[in-house]
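The chains carry the letters A, B, C and D, assigned in the order they are written, with residues numbered from 1 in each.
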Amino acid sequence: MPYLELKNVSKHFGRLAAVEEVNLQVGKGEILGIVGPNGSGKTTLINLISGYYRPTKGTIYFNGKKISGLRPDKIAELGIIRTFQSNVLYEGTTVVESMLISSYQQYSTNNWQSFLETKAWKDDNEKAVGRVIELVKLLDLLNDTFLPAEGLSHGYQRMLGIAMAMIANPQVLLLDEPTTGMNHEEAMFVVDKIKLLSEQGVTVILIEHNMKVLLNVATRVVCLSFGNKIADGIPEEVMNEKEVIEAYLGTEIL
Amino acid sequence: MRYFFKTIHLIDYKNIVPKTVIGLFIILILLIPVFTRNVVTLSTLIMTGIWAVAAMGFTLVLRTGQFSLGQSAFMALGGYASAILTAQMGLPFWPSFLVSGLVSGLIALLVGMVVLRVGGIYFSIITLALGEIVRIIALQWEPLTRGSRGIIASAPPPIILGGHELVNFNASLAPYFYFMICLVAVTGLVFWRIGESRLGRTFAGTALNPVLAEHQGIYLMKYRVIAFTVAGVFTGYAGALYTHFLQVITPMVFGLWQSIQIMIMSIVGGIGSLVGGPIVGSILLYNLGEYLSRLDTPGLQSFLFGSVVVIVVMFLPQGAGLVNLWERFWNKVVWREEEYEPDEPED
Amino acid sequence: MPPAEILIEGLTQSCIYMTMAFGMVLVFSILGILNWTHGQLFMLGAFIVFYSTTAAGIPFPIGILLAGLVMAGIGILIKKFIIDRIKGELYIGVATLALIFALEGAASLLFTSDDRGLAIILPGVLNLGVVAISYQKMAVIIFTLIVMTAMYFVLNHTKVGLAIRAVAQQPVAASLYGISTERLSLIVMGIGCALAAMAGAIMAPLYPINPFIGRTPMIMALLAIVIGGLGSLTGAIVGGLILGFLHSVIAYYISYLSEVVLFGLIILILLVRPQGLFGASAK
Amino acid sequence: MKKSFFSATILMITVMVIGMFSMCGTAVAEEPIIINVAIISPLSGPAGPWGQVGLDVYEAWLELFNKEGFRVNGKLYNFKNINYDSLNTPEGGAACAKRAIFEDKVKFIVGHWDTSFLAVSAISNPAKVILIARNGNEAVGGGAYNPEKMPYVVFGTPSHEKFLSDIKAIVAAYPNYKRIGISDSTLGKGVGWDYVDRDLTAAGIRFHHEWYPFGTQDYSPYITRFKEAGCDVIYGAGDVLAAMMITKQRWDMGLKYIKTGTAGGLLDPKMYIDVSGYDASQGFIAQHANPLDYKKTKVNPKFIKMFREVQDMVSKKQGKPFNYTAWTDWGCAHMQILAQAMMKAGSVDDPDKIMNAIRGGTFDTMAGKYTMSGAKTYGSPIVFGNPGCISIIKGNKEVYLSENPWKPIP
């Protein structure tokens, strides 16, 4: 049984079909790259999985459970966490604060315990802060811990986005173009971290334009064009398929 | 938005201001009725406290990113609940008072569950309409609310302990003053804990980026409803105290202009702090309004009130409230030396 | 079917809400803020036309234009000296709310809070047998038609109008194409305030004039915008029509309970269609 | 330098002369003892004009009244008014009452009429301060008024009885009326109307009620409802703005045969003409508390002279003719009751004695001579009344139409 499965998923905006009849199976621990030209429905696919959109047709299963139609927070509760294409942050908070908000699901104590400031909450909170510091160290954000999130450079903002997703202990991590605007070293740094996550058993689905990054990290690649899945396989093969090249370079469409 | 959310204070006030000073300050406040028996001063203070509680409620709702234009409706609900229970149904005061906030909170919960699906400006408008509807119902449901005649709500009964009258609300205003202090203290404590706890973090996430928060597992509506309900409960208590203090409630008492007043108090005071901001705001603005109402040139009072608020808002740095100015004063002037931190960039 | 007089009166009411709402939406779509003082600009417009016709003897139509011009100027001043100096939507909102008090106070100081009227302008009633309509109401309806047509023309066929629409839809892209958002927002603020003031001016012969007449139209215009769909110009017009007509027609059937029904209806509309009747869908 | 020295000298001499004169004055006349009375009314905001309109009159009237003053136990007393702005809210009224009673040590509140009645009486009664007000909707039987809890409240202006006699005066003036429409805002709804309705039915008067939400701008639905009920008179008990708009809108709707009016004094016919139009406002009915015009009610000639002088003084002060007549039965009448009750009681500071004198007593005021009804009305021992006299607008002037002397509702 596949870990995450999309069955005949379509999404229409009015007459426009952003995603059309896509079937996709993702195994546990896989790093799946999604490629395709602009407007081919990559981000829509992520939005569908994460619950931001409801599919017009078809169903999405996670761990054998139907998740399409659930609210985004329910899906996030199941462990499917995403990042966004642009830098979506908690503006006005510092890096640590952002991460503490994001570790919402990681507290073992409930709101009442926290409200009454019981011993359990204090321990729990300390643990949460500890996890945040660990992750901050891991992602090289240590110097910026007390900077306001919107004051970071573009690359660090993306890093913060990934960090906020990672602190939520994802089972499936959906990364929407994690390395845009980063230089090569930074991108490779991110690649390392993704691999590290994968080793821990986290399934990663990422949209990526940077072929070097993709070939470096993905174990499997899916190519979308005009909402249709046109290729699926190991990276090198997919990148050499005729259709994929056509989709990227563009053929004359009459 | 920079000052919207603070979980980690760079400076811990507990260490800066000696505990004795805080203690002395609180004792001073508690001793006010001993120093002055002036009815006007005391009742102004009591009113200030009541509006401060309402402003705190508004700030709490604002903490989840929702802008309520109907907070005075909950004052009206609390006030009417208490007045109807005591005056119309003849129930004793204390249980009625306790119930009044719960009634207001229950209605906030029900309204919130329906209305908070729709966030943002629509929420503001719906709460505005809610305020009007509460007023209209109070006006037209005559068997219950006595319409525009209003209900006379008597003062709380004297507290008798061991055959000895301990507190008499009719004799002086001091009991009301302590009642108000208790209400402000309880509200302040609850709201402060909310701000410091997990809820505060979640609220901040809900307000600052709803989409992101939702994708990290925060059920937005739950937290919006929690904030709205808690605010409703305490605003209801404020309304009940208001009613029993004025000893009358009519449909004209709470309306859109009162909601606007609450909002201005909260925002001018500073929304960076759940407790301090509203209190500072209501102390300054209520007393400003009180002072201005003594001017006998018609129009001058509202002109000056509006202008002062506009000017205050214009000159507040980065849109921070008055309470943040105080914070900055501590930061920049009083504890400059202690602020040293190598990685701290200039603001 | 209620009598035609009620429909005419309802339409007159709609016209005032429409013109006000149109200005508010315009300002909202460019500046991204709700200008809460719109009602007070309406009130000042009425006062300007009152004094220009009674004290200075200026003809009424020119008085309306004068009111529009003066209030456009004041609107631009408010934008430049108050709104631009405040950061954050929240604080701008508070400042414009506080301006309500300031402007009402200033008007009470300047003009006293006595009631005035301009019923001498265009007196008389055209009695068509089945229906009677006063010339003042005709003037209001014709004026609103002219303003709406003019706004339609400006928005669709002039450079400024196209720029306004571009900025309303894509602020960032528009600024990349060399549209000065700063200057445009001043122009839009001017137009919005002028519309409010002219609505007040054209209504001056119909209703009493005092410093507090701006409150009801402002709230009604706000509700019109919201049920029409925030940011939608068509929505503002339709919302204004709905509010003006409905209020009168419902009141005819159920008298004073119309208020409850009206507010209930608004809440219902917003619950069924949170984005308003003509608002863009969120998802 | 020299010039300024010169002018300074002149100034000093003037001051000294004035000072000497004033000292002479005090030496000759007996210094009256001043009793402060508080007038709590809205002075700003939408209801502001109706509070403002009284101030100049009270000032002028008090000037005349204090020339003579009144004597209690051989001592000469004068009244002095202190004005407070209630903002027309209970909260504002309560704040004013506290300021008046506890800061300015005022013992009497007169001329009260706004929405803060209950809030003010909640403060004035425990403090044993006599509050003279009108019996608005809150105050009638079954309303909030409770004679046991409010022993220091006097209703010196019975608005509902007055409304009733207005209607009867209208009937007397237009005997061929079809039906009288009574309009009021929802703020005015209450049991007070049950009394009015009962009495109107008893008198065989045809009438129809309509309520509109406060702040309505479009009255055409209500006018149509009146028309369909067969009314040819619409008499408003609500706010003046509504009455003016109804007048205008019924004219615009072509319903010229409907007469309109308001249960309040005409402030200035010009205002109605400006707002409603000249033609539409012809025949507008309003209350007319003008002792000069009374035909059935007898008013002390001294007060008629006083009335004329006050009108002249205020006209001179405001630089335009002052026509508002309703002031006679507000603050001034209240102060007259107070002064006469004090004389009768022989005390100026014992509220219980003064209240005893007011109960069932007869008082001679600006608006006529009245006997307090004692314990009959509303279960309240204290009610006081004056005639229903109405006027209409004719041309640019306010003209006496008819009157109906007031009787207490049994």
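Assume a residue touches a chain if its C-beta (ideal position, glycine included) is under 8 Å from a C-beta of that chain, and two chains touch if they have at least 3 such contacts.
Keep in mind that this is a model prediction, so the values were computed, not measured.
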Least hop count linking chain A to chain D through chains in contact
2
Need the central chain here, defined by C-alpha centroid distance to the all-chain C-alpha centroid.
B
Chain centre separation in whole Å, for chain C relative to chain A (CA means):
46
Could you put a whole-Å number on the gap between the CA centroids of chain C and chain D?
38
Distance from chain B to chain A - Cα centre to Cα centre, in angstrom:
41
Centroid of chain B to centroid of chain C, CA atoms only: how many Å?
33
Multi-partner residues of chain D (at least 2 other chains)
44-45, 48, 52, 186, 213
For chain C, write out the residues touching at least two other chains, lowest number first.
108, 112-113, 256, 259
Junction residues of chain B, two or more chains touched
1, 136, 140, 298-299, 301-302
Using the touch definition up top, name the residues of chain C that touch chain D in the complex.
2-3, 5-6, 8-10, 12-13, 108, 112-120, 123, 125, 127, 131-134, 136-137, 206-208, 210, 212, 215-216, 244, 247-249, 251-252, 255-256, 258-259
The answer for chain B against chain C in the complex is residues 1, 62, 67, 114-115, 117-118, 121-122, 125-126, 128-130, 132-133, 136-137, 140, 256, 260, 263-264, 267-268, 271, 297-307, 309-310, 313-314, 316, 318-319
Residue numbers of chain B touching chain D in their complex, please.
38-40, 43-44, 47, 136, 139-140, 142, 146-152, 170, 246-253, 290, 293-294, 296, 298-299, 301-302
Chain A - residues contacting chain B, complex:
50-52, 71-74, 76-77, 81-82, 84, 88-94, 96-97, 100-102, 104-105, 107, 109, 111, 114-117, 121, 125, 143, 146-148, 151, 164-165, 168
Would you mind writing out the residues of chain C in touch with chain B in their complex?
34, 82, 85-88, 90-91, 93-95, 97-109, 112-113, 211, 219, 222-223, 226, 230, 256-257, 259-260, 263-264, 266-267, 270-271, 274-276
